[in-house]
Structure formats: C-alpha cells, structure tokens
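Here the chain labels run A, B, C, D, E and F in written order, and each chain numbers its own residues starting at 1.
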Amino acid sequence: MIERNAYIGGCDGVSAVSSAELIGEKPLGTMAHSLMICVGDEKKAFKAFNAAVEPEVRRVALVDTFQDEKFGALTAAEALGQKLYAVRLDTPSSRRGDFLKIMREVRWELDTRGFRDVKIFLSGGLDEYDILRYNSYADAYGVGTAISNAPVVDFAFDIVEVEGQPRAKRGKMSGKKQTFRCPECEARILAPFNDTEILCPCGGTGEPLLTQYIENGEIVKDLQSAQDIRRRVMSEIENRTIEPGA
Amino acid sequence: MIERNAYIGGCDGVSAVSSAELIGEKPLGTMAHSLMICVGDEKKAFKAFNAAVEPEVRRVALVDTFQDEKFGALTAAEALGQKLYAVRLDTPSSRRGDFLKIMREVRWELDTRGFRDVKIFLSGGLDEYDILRYNSYADAYGVGTAISNAPVVDFAFDIVEVEGQPRAKRGKMSGKKQTFRCPECEARILAPFNDTEILCPCGGTGEPLLTQYIENGEIVKDLQSAQDIRRRVMSEIENRTIEPGA
Amino acid sequence: MIERNAYIGGCDGVSAVSSAELIGEKPLGTMAHSLMICVGDEKKAFKAFNAAVEPEVRRVALVDTFQDEKFGALTAAEALGQKLYAVRLDTPSSRRGDFLKIMREVRWELDTRGFRDVKIFLSGGLDEYDILRYNSYADAYGVGTAISNAPVVDFAFDIVEVEGQPRAKRGKMSGKKQTFRCPECEARILAPFNDTEILCPCGGTGEPLLTQYIENGEIVKDLQSAQDIRRRVMSEIENRTIEPGA
Amino acid sequence: MIERNAYIGGCDGVSAVSSAELIGEKPLGTMAHSLMICVGDEKKAFKAFNAAVEPEVRRVALVDTFQDEKFGALTAAEALGQKLYAVRLDTPSSRRGDFLKIMREVRWELDTRGFRDVKIFLSGGLDEYDILRYNSYADAYGVGTAISNAPVVDFAFDIVEVEGQPRAKRGKMSGKKQTFRCPECEARILAPFNDTEILCPCGGTGEPLLTQYIENGEIVKDLQSAQDIRRRVMSEIENRTIEPGA
Amino acid sequence: MIERNAYIGGCDGVSAVSSAELIGEKPLGTMAHSLMICVGDEKKAFKAFNAAVEPEVRRVALVDTFQDEKFGALTAAEALGQKLYAVRLDTPSSRRGDFLKIMREVRWELDTRGFRDVKIFLSGGLDEYDILRYNSYADAYGVGTAISNAPVVDFAFDIVEVEGQPRAKRGKMSGKKQTFRCPECEARILAPFNDTEILCPCGGTGEPLLTQYIENGEIVKDLQSAQDIRRRVMSEIENRTIEPGA
Amino acid sequence: MIERNAYIGGCDGVSAVSSAELIGEKPLGTMAHSLMICVGDEKKAFKAFNAAVEPEVRRVALVDTFQDEKFGALTAAEALGQKLYAVRLDTPSSRRGDFLKIMREVRWELDTRGFRDVKIFLSGGLDEYDILRYNSYADAYGVGTAISNAPVVDFAFDIVEVEGQPRAKRGKMSGKKQTFRCPECEARILAPFNDTEILCPCGGTGEPLLTQYIENGEIVKDLQSAQDIRRRVMSEIENRTIEPGA
C-alpha cells in the first residue's frame, strides 16, 4: 500500500515486483551493493551486470561501494563506455559532507572525459528538501524511508444526529453534513447535508463529494485505477492552488 | 500489535477485545460519548449504565459530553453517589485552555461535597509530557494516538563477510559480529563474532545476545510471553540507567 | 479618565455611569454573571432579564456561566427567540483552548437552527492582537484590562535657555523650541522657537502646535469636547500614515 | 501612594516633602541640574550650594551637567575639599556607553588624588538589574521610573455562595473561603471558610489571614504604620523563602 | 600593504607618510589627543594648531578630549570661527551610549549658533555597519581596526594533471583550468584550460583571466598602478551586481 | 612568527624547516598528497616512501588521496606491515559527513586485522572544538589555519601624565602605572606606578611585571628561549586558574 500511495502521489515507479503488479506498472530498479561485495571488484561487477542483463534495461552503475564516487564514476565509464546510462550515488551519510560538491566533481570528471550524457542518480535517506537542493546536478532520485511513513492523522467517529435532530457533544458540530468541492479553486466547503447548492467565495459552484459506492451490500460504482487517481493528483498539483476549505 | 507493544512497554491494559486476548489479559475501558448522545441527558445516561453493567465493573463516569467538566462531575456524583469510582475528562482540545486548572476545580468541587475518594481519569490527545504535567491531579490516563505510531527506524541488510573473509562497503564495519549485554549496567557492546568474552568498561562481563530460535526449520526455543517481556522491560526501566553501547 | 481616553482613542462606548456622563454619552453594557448565579438557571435568568429591562435595550445573553458556550447559545435562543440580539462569550481562560473553534461551533449551531442574525460578542482578557485574530467570527468586543494601563512615558523638565541665551545640560538640545505639524503627512518637526515657517520634507508647510490656553491666570481658549478629540483621532488614524517627526 | 509603597518595599527614603510627611520620615535629596544651568558654571554652583545649605546636609555634588563625569568629580573635589560627601552621576543615556567603566575612572581619579572616602551615587533610568550590575562601584542609587508603575493585576469579584450553598460559574471554585499563612514557610493556603486548622506541607500550622477591620461601620482595629509594614516586609525578604501558596 | 589595499578598496586616503608614498597620494589626517593633553586646554590647543599649520590644511578640530562633544564643538567654533572646517568626534566607547543622539546634539548646537557649514567627522572603532547607521549626521569617517584584518582565506596548491593527463585527489577537480570573466555581468566561470570560448548564462562571452606576467624570468607586462586598480574596483562596485561564478 | 607562537602556546612541533630552526627544534611532518598523485597509486607510493626515507622517521601513511579512508588504511597496512606507525586522515570536507564514524570504521578494520597499535592522525581544517570531539579515536592532530590568525587586539598609546602630573583624556585613567602579578593566583593588578606593594584579594603579594630590557641603547637582560616561555605557559595552563586582573 505504501508503494501504491507513493505512485499515486507522483513517483515515477516502484521496485518491488508485487507492488508493481498491484498498480499495473513494470517494476524499476538498479543494481545492489551485494553484487559488488560478492564479486569483490567494481569494474568486474559492472561488466558482469552488463553481460547478464537484457539489453533493453538501462545500465545504471552503483558507484559508491568501495571507491570514492568520483573514481567510481570513472571506473563505470571505463567498464561500460557509451552503454553507461547513469551512475547512482548512494553515498553513506558518514561520507556525505557536501553532497552537492561530490556531484559537481563527478559531473566535471565525466564531462572532461567526454561522458556528458551520463546521468547522475541519487539515493539514500533523501527527502523533499534534499531534492530541491540537489536538482542542479541530479537527474533522478530513489526515495525510501522519507515516503514510507507519515504523521498520524487523528480522527474520530461521532454521533451528530439522533432521530433526525442535530445533537453533538461539546467540540463537534451537530447534524448530518455534506462536503462540496469547488471545481474552480479546489476549495472544500462543509455544509448541512440538505444544502443542495453552495456558492464558493471564489465564485464557483460547489460539487458534492460524498458518493455511494455500496448499496444493499452490492458495489454499485467502480473504483478508480491507480493511474487515474495519479493523473488527477498530478493535475491538481500542477494547475491549482488548493486552499483549506471552511 | 500496537496494543501488545504498548502493554509490553508498561501500559496497564488495553481496551480492544482481540488485543486483550492476544496478550492474555482482560480488556479494560469506560463508557463512550455515544451513550450520552443517544440518551440525550448525562444524568439519565449514568443511571442507565449503572443499572445495566455488572457490579464488579468500576463506575467511571465520562463528564465532558454536554456539560462543563465541573458540573458534569457533580452530576455524576448526584447520579451514582458512593458507587462513583472515578470521573473521566475527555475534554475537547478547543475547551482545554488550562487543563490543570479544570482538574483543580473538579477536585475542589468534589472534595467540598464529600467525594474525596472519587478519582480523576484523563484522556484525549495525551502524551508523555502531558502526563508529567498532570500527575498532581490526575489518577489515571487513557492514551491512544501518542502511542500508536513511532518514527521510522532506518535499517539495512548488508553483506559484511564473503567466504569467511571480512568485506564491507564504505560506511559499514566488516566481518560477522556478536552483540553483548553487560548484566551490570545494561550497556550493549559490539564485537567480532568469535570474541567469546567481553569486559564492559563498568567492570561487568558481557553476555552474548544472539540466540538461535530456529534450527533446520524447527523452532527450538520458546518465545517469551507478553507478561514476561513486560516484566523485564519494567525491571530494566526501574533498576538501571541504560546507556547506549559502543 | 481611563474610560475617557479609551473613548477618545476609538472605543464605541463605556459602561460606568459616571464615565459616560463625563464624555457626554449614554452608558452601554450587558448582563452580569451574578444574575445567572443568583437565579441559578441560565434560561430563567434570560427570561427574567427580558421581562424586567426596557424594550429599547438590546438583548445580549451571557452564555458561559454554567454551560458550554455552544449549549448556552442554544438556551438563549430558546428563551428569547427572535428578540435575541447577540450572545456574549466571556469564556474563562481555563476553557479557552481554541476560542476561534468555540465561536465557529456557536455560529454553526445558531445558523443550523435559523438564528443567522444573532451576533457574537466576546469579552475577557482580550487585547488588540486577539481582536485581529477573532474578527472572522466575532461582531463586537468588550475590552478592559488591556486598555486600562500603559507603559510609563519618561519625561523631564529641563532649563534650556537662561536670559535669552541657549544653555542646556549634556544630552539636551539648547534654546526655546516650537513643534510644527505638517498638515499633509502629520509629521511633527522640532525647530528653534523663532522659526516661523518650516517646510516638511514631504512638501507641506508645518503649522505650529504650541497654543496658549491660559493668560494672566484666565482661560482664554475653550477645551475640545471628547467627541471632537475622538473625531480628530479617528480621522488621523484612517486617513494618514503618521511618522515620528525629526 | 507610589512613594509610600516604595518606602514600604525597602527604599531608604523619599524626596517629595508631602510623601515624606505621609510616611513620617524626613525628605532626602541632592542638588538639581537647574542649579548648574542657572549659575552657568559647575564649580561656582558647588560653592554656592555649600555656602547656602545648612551644615548637617551632606554635600552630594551632581557632576554630569556640563562636564564629563571624570572631570566633574575632580571639579567637585577642588570646590568642596574634605566636605565633599559624594558625587552623583546622572549621566544622560546617550553618554552611557559603559557606565561601569565611567564609574571606575571616577573612582580611580578621586583615589589618585586622595579622595578615597568620597562616595559614588547613581541616578537616571536605573532598575533592579542595573543595581546588581553597578554594585561593585556605586554606593547608593536614586530610582524613579522603574519603581513608579507595575503590571496590572487582574482581579474580579465573584459570587461563590448563594444562601449558604456553594455555587460558582465555570472557572471559579465555589464556596466561602479562608486563606491561611504558614508561619514556618510563609506559604499561603486556600481552604473552605469553616476549616479551622490547616496543616502546611512543611509541617507548620496555618494562621487565618482574613481579619475584621470594620464592624457596624466602626473601625475596630488600628492600621499598621508604614514603618511597621516596612519592617515586616524586610524581615520576610531577609529570613524566608516565600513560595506561592496553593 | 594594509593601507594600499584600503585605498584600492575605495578609501579616500591614508595617514601614514610611507603608505601615501607607496600609493602615490598625499597623506591625510587631523590633530591628535596628545596635542590637547600637552597643551592642557582645548581652546588653546585649537588656536595653537591654527597658528602653526599651513593655511591650505583644513581645520578639523578634535572635540572629545576633556569635554563633552557638544561643548567641545562650541569651543572649537569660538576658537576658530569661520575657519573651522569640521569637528572630529573620537568619543570613547564608554561614553558612546547613543552616538547618533550625540551627533544630533552637536549638529543642533552648531546650527543654532550659525555654524551650519561645519562638518562632522567620526572615528574610533567604526565598521561598515556603523557607517550605514551614522550617515544621516556624519560627513566623513576615519576607520582603522575594522579594515586592518580579515578572515583567513584557506587555499591549497594541488597537482591536478600529470604528464598531460587529468589526475586529482578526492575533493579536487582534475585537469589544468582557465577562469573566464563575463564582461556583461562580472561572473567568473571555471573551465578546462583548452576551452577558448565560454558563453555566460547571461548571454555575454567570457574573457580569460589568466595573464602571463613573467616569461623566462623577465617581467613582460607592467603592473597596474594603485589608482588604476582602485578605479576598476569602484567601477565594478558601482555599475554591476557581481555574482559568484560556477 | 606564527609557528613560534604556536609552539610557545603548546603545540608539539612545527613542519617548516626555518621555523624549526628559529625555535631550536627538529621539524616534524608526514608525506604529501603530491607523492600519491605523482606515483599514481597509493600502495606503490607507500612502498616508495618506505624505501627512500631514513629508518628513524616514523611511517605515517596518508590514506585519503584516491581511496576511501577505510580501504586506504588497509592498503597502508598491506604495504608497510608492522612498520606502519600511523595513518593520517586529511579527508576533504566534502567527504566528511561524520568524521567520527569514519575514524571508528578505520579503527575497527585495522583492529580486526591485527593492527591495534597503528595510530590515527587527523588533519585538515581542525580547530580546538574538533579536537575535543575527536579525542576518543584520534591520537594526534595537524592544525594549520585555525592557529594562523587571531582577532585583532585594539590598543592605543596615550599620554597619561604631563610633567609629573596625572592628566588623561576622557575614557583613560590618568598617571603612570605599574602592573603586578600575583604569584598565588596569576591575577594581574593595575596600580599607580609608585605603589611598591600590592596585596592581591586572594592573599598573595603582587610582583611588578614591568622590567627594563634596554638601558642607554644597550640590551641589559637576556630574552627567554622559546622552550622556557613554552614551559611557563604550559605550567600556567596546568596549575592555575587565571582570572583577568582589574
């Protein structure tokens, strides 16, 4: 479920095979440190990977296992030549004094030797702030922990109406309610359930959000696919300023 | 699992029936706001609860539904008299300006009218710092959200030895390892796997912590009960200062 | 004097009878907690007030004595119906966890039952920052303590001229002085007393502010009324940006 | 009243003649800047003061009017010789870069020339923190503004009992009350009015503080003199740690 | 060297005779405190300076030796009349409570007596932030300590190429390099040494900055004069926003 | 002079040949990165150094040029075996994410392979706070920049006496002075020049610090050697709490 939500929220893909099946996409990933450790030599490991893996998979070399990233990137370039698509820096945090400067060196050394098209991938303990910081050098990111948990959202079930009469405890608003979404500005507006039309302060007309999915125990409406939900999320992020409703 | 861990970590009990079964204890709890809302009157609700519930259950009246806590507590005292064991304040956060002062008033009004033995229970959005703050008036706490999540603990599987030789990537210490616990000071000490005796800086002799539970697919050692683990945790908390090992 | 100054500074009215006489206005106010406490029941107290007070006085019900504000407001609506002009929330600080949320609930419950015209008044420990914060729900404010004191303004009498010659101690500017006010930008400009015309940096021509009120022991000029001073203060606040003069 | 309170709170004396009468002490003070400004020369002014004022008044020379304090102190020493009791530094804040350093220089220059017994008095915008800071050089302080105002203390009259029954609004504790003072630790303890004996947590026995001063319109008990109150205040400050009561 | 750098960086002149020779300018300066202390009286000292120094030197009176600046400035005006060009305030830090207010007083007292053309010079422990703060009253500044030291700039010599092949340690970029300056936006751009043309992001074309001054042990290009360097520095400061290059 | 002062202040030695001569000690140092870069391979460079340098020089291998420190240390151990005295980590700041963790790994890997006696030296941008932080793993430090500059100490020459009479400007204490040092507590005490005995507040008797080194143009007293000064500095640091004198 974590990987499905990450995908819906805008990630390009997931690496676990069963997660990929769930969302209907192909799994994506690069080589692991264990390959280098078992082979014992980075150059040999890059060549072994290249010999064994099907040609349509892009060659992304993991360059921080035994060597400094700058020399690891040069080793990958020597081993794979023009087949090298990207280098991945999973630099341990104890060696990450100025990650931007490490990337800049890797970029410079690759460029100096003619590998201007090789991309730089980052992974390891990255969050949304790191990504903003590293965008001037990095071309892609592998994010794990920062996306795999979230603050708890407190919620409660409350009785707000008894036999048609509004009744609620202190701290709760009484009566059955509807939430409207304004299609113009994405605002959410709370209103009594029987209000049928809500005018948004922005001028738009609110559309009710509560929808019946189950009737008499039967599912009466299809759920959206992960792709459709993701598309809507991306469109909301790109096209609108979403304000918290009333 | 959350409730099992809460119990192991020192909570007195849990309210979900299946969780209680899992840990081998009886479930515990008090009345809900929905009782008051359905009945529509706090006094009647307290009396109905008293009439319906078996006598060995302690009468803990929830006193914040419709009334201010101070008057709610007096209503409970009038309704249940000497049977009243405790009042529970689940005060909504919007009314929690100075919770300690509200408790002090409840305590004063109960005392003034002779209910010195009635206890005060708190619930609702409490964490460990609140508990320290409210201990001078509160006798028990119901804690939910603050205990139901935790920061993610990052971990990774790493190859550290290949065919008996230590080998590890940058940022990891090579070789198979053992962790020792010092029985004197509870320190944890990391050492190469073949070290058989470790002297703790405090003077104690470390005991190895890695234990084999499965051999050839067979479970060869019993798991501890929740009660036993809880007992050990409580004893470690009470008797020792635990320092992070090397 | 405090109430006169509050009125001059822009307050709508005062509640003490003698203060009102001093400034030439009618006193304003609402009911007190003592009414509810002596009657012992909020609904009865609202009805007694309504029966006893002359009809031209607006019915403003104090709704926080025994009940939560949300239920107090509903009680006032039931007791006074369409005669209810406003509810006053003097919520004790110990119950003021999120005052804005309490007001929002009161507003919602009144609206849901058709009392959209009933206003919300606030009182109790409010200052100018609270007012900015609560304006989205509150219609009027009763302010006491925050307006009844002020930081001490240090001042000193200094000799700055002896027999027509400028002479002053270290730290003081010598010579008799005039203060001019620029009618364009309200700046105050300090100048030697004999300067008769001062050009303000904004382009306006300064007008001298020192005026003789007493001559040979006789008052030779009328003092302004509180109403006139208030009008000038309000006009300065509304129309201009006042900068400290040189 | 301000000066009476300052005296009660521990000040040595007051300068206004009517205030001194009110508290039954002689007024105290030194010369003013206006003397120097009218005379136009510090040395002449010191000599004129010396010639005119009765011999039992101590000669305290104000040394910051026209000159730097260091040279002003030397001028006073030259003018008054062994009659000089103290110099007063009322240094304007614009010249008070490092007041301690100015005092140190004044002390050094006086000492170098044999005036080791001349004291240093400070005045001008001093508060309790300044006094702690300047104690290593200053021998006395004249304090005005810092002592002439205080934060407003909010209080309210509340009905807490109706016809012998405890009844109070939300946020107030019901019932008539007595305050006890513990003679051992000065703690104040609040209790129901009919409690006749209160044991303080420190072990002492509380003494009731409410005392009847008026009976049937007659004053039946003498008020304490300012001297007596001051003595008690000084003794409480010196001998005890006063904790806020319950 | 310090004074040469200060001049190059924009100072108007220097006071040490040999520094002035080095940069090819006349030395500048005002009178010293020692003059006043030896003469023992500020007025006599100002007159002696006026009598002794050649007429083309501007009369700048140092006014803080024995007197408060306000009275010192008046003494200078009395002694030198219309010959007084400026007063210099070297106020000791222990008397510098509010330097701006001291200047304002000096300005006021001079103006009141008709000395509107006399300028105010400041000196003593000033830095660039003080200058921004004092500009509304001060006409010139004497700066010493703040300009005579700077944070250490760390640098290192590194081998980056061996026999024509780029080779550098971790943390350094390999290969011989050229730095270009963009004449449009003053950006500095680092590039491999053989790059002959660099396009700046602003659209300008970078010009190489490395220039040969010594060939076969002979100086083959003249060094710029201090005046020329200063002119270029001032022009860069005035006309452009300089951003750090890549 | 910088290196002489560093030595006097407690450093063990200096690396520049002429500095070492000045202080009368042998220069100390380790290999440079240029050796590795010219040889092009760390192992070969370590062996070349070992072959070329006289046997009494301790073998300190610089292990951060091309490799990660952990593997560099293992390379040094392989190349030099039991001759290896220490490894030096001059880790570039861009790779210094958690320097303590890097040292811990180096220590672990060396220990695991039996090199428990090999020491760890640190260098590169270290200051006194780093040294406190790294002491648990590091055995020696090479410090440069942090010791090569200091904040400017402002000072001024002032006339304080004219023809035997004390006279000084505002802000300075007049008269010729002596400084005494208390041999008990190292306090410095300022006093008029003719005071011959000063009692320190600690009870000690102050000794005058001003000493004549030149008389009639002749040096009449020997200067102390760097060794002697260093010995006194170390002794003052170790044995006493030095307070700033009056």
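Methods note: a residue touches a chain if its C-beta (ideal position, glycine included) is under 8 Å from a C-beta of that chain, and two chains touch if they have at least 3 such contacts.
If you're wondering where the values come from, they're calculated on a predicted model, not measured in any experiment.
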Next on the checklist: If each step moves to a chain the current one touches, what is the fewest number of steps from chain A to chain C?
Outcome noted: 1
Checklist entry - Hey, which chain ends up farthest from chain C, C-alpha centres compared? => result F
Checklist entry - When the contact pairs of A-E are compared by residue number, which of E-F, A-F or A-C has over half in common? => result A-C
Item to check | Far-end chain from chain B, centres as C-alpha averages | outcome: E
Checklist outcome for this item: chain B to chain C, mean C-alpha position gap in Å, rounds to 51
Checklist entry - With chain centres defined as C-alpha means, what is the inter-centre distance between chain C and chain D in Å? => result 34
Item to check | Residue list for chain A, restricted to those that touch at least two other chains | outcome: 66, 68, 71, 92-95, 101, 105, 170-172
Checklist entry - Got a list of which chains touch which? => result A-B, A-C, A-E, A-F, B-C, B-D, B-F, C-D, C-E, D-E, D-F, E-F
Next on the checklist: Give the list of chain F residues in touch with chain A in this complex.
Outcome noted: 66-68, 71, 91-98, 101-102, 105
Checklist outcome for this item: The residues of chain E that touch chain F in their complex are 33-34, 36-38, 40, 64-66, 92-95, 125, 145, 148-149, 151-152, 154, 158-159, 162, 167-172
Item to check | In the complex, chain A residues that touch chain E | outcome: 68, 70-71, 101, 104-105, 108-109, 112-113
Checklist outcome for this item: As the complex stands, chain C meets chain E at residues 166, 170-175, 192
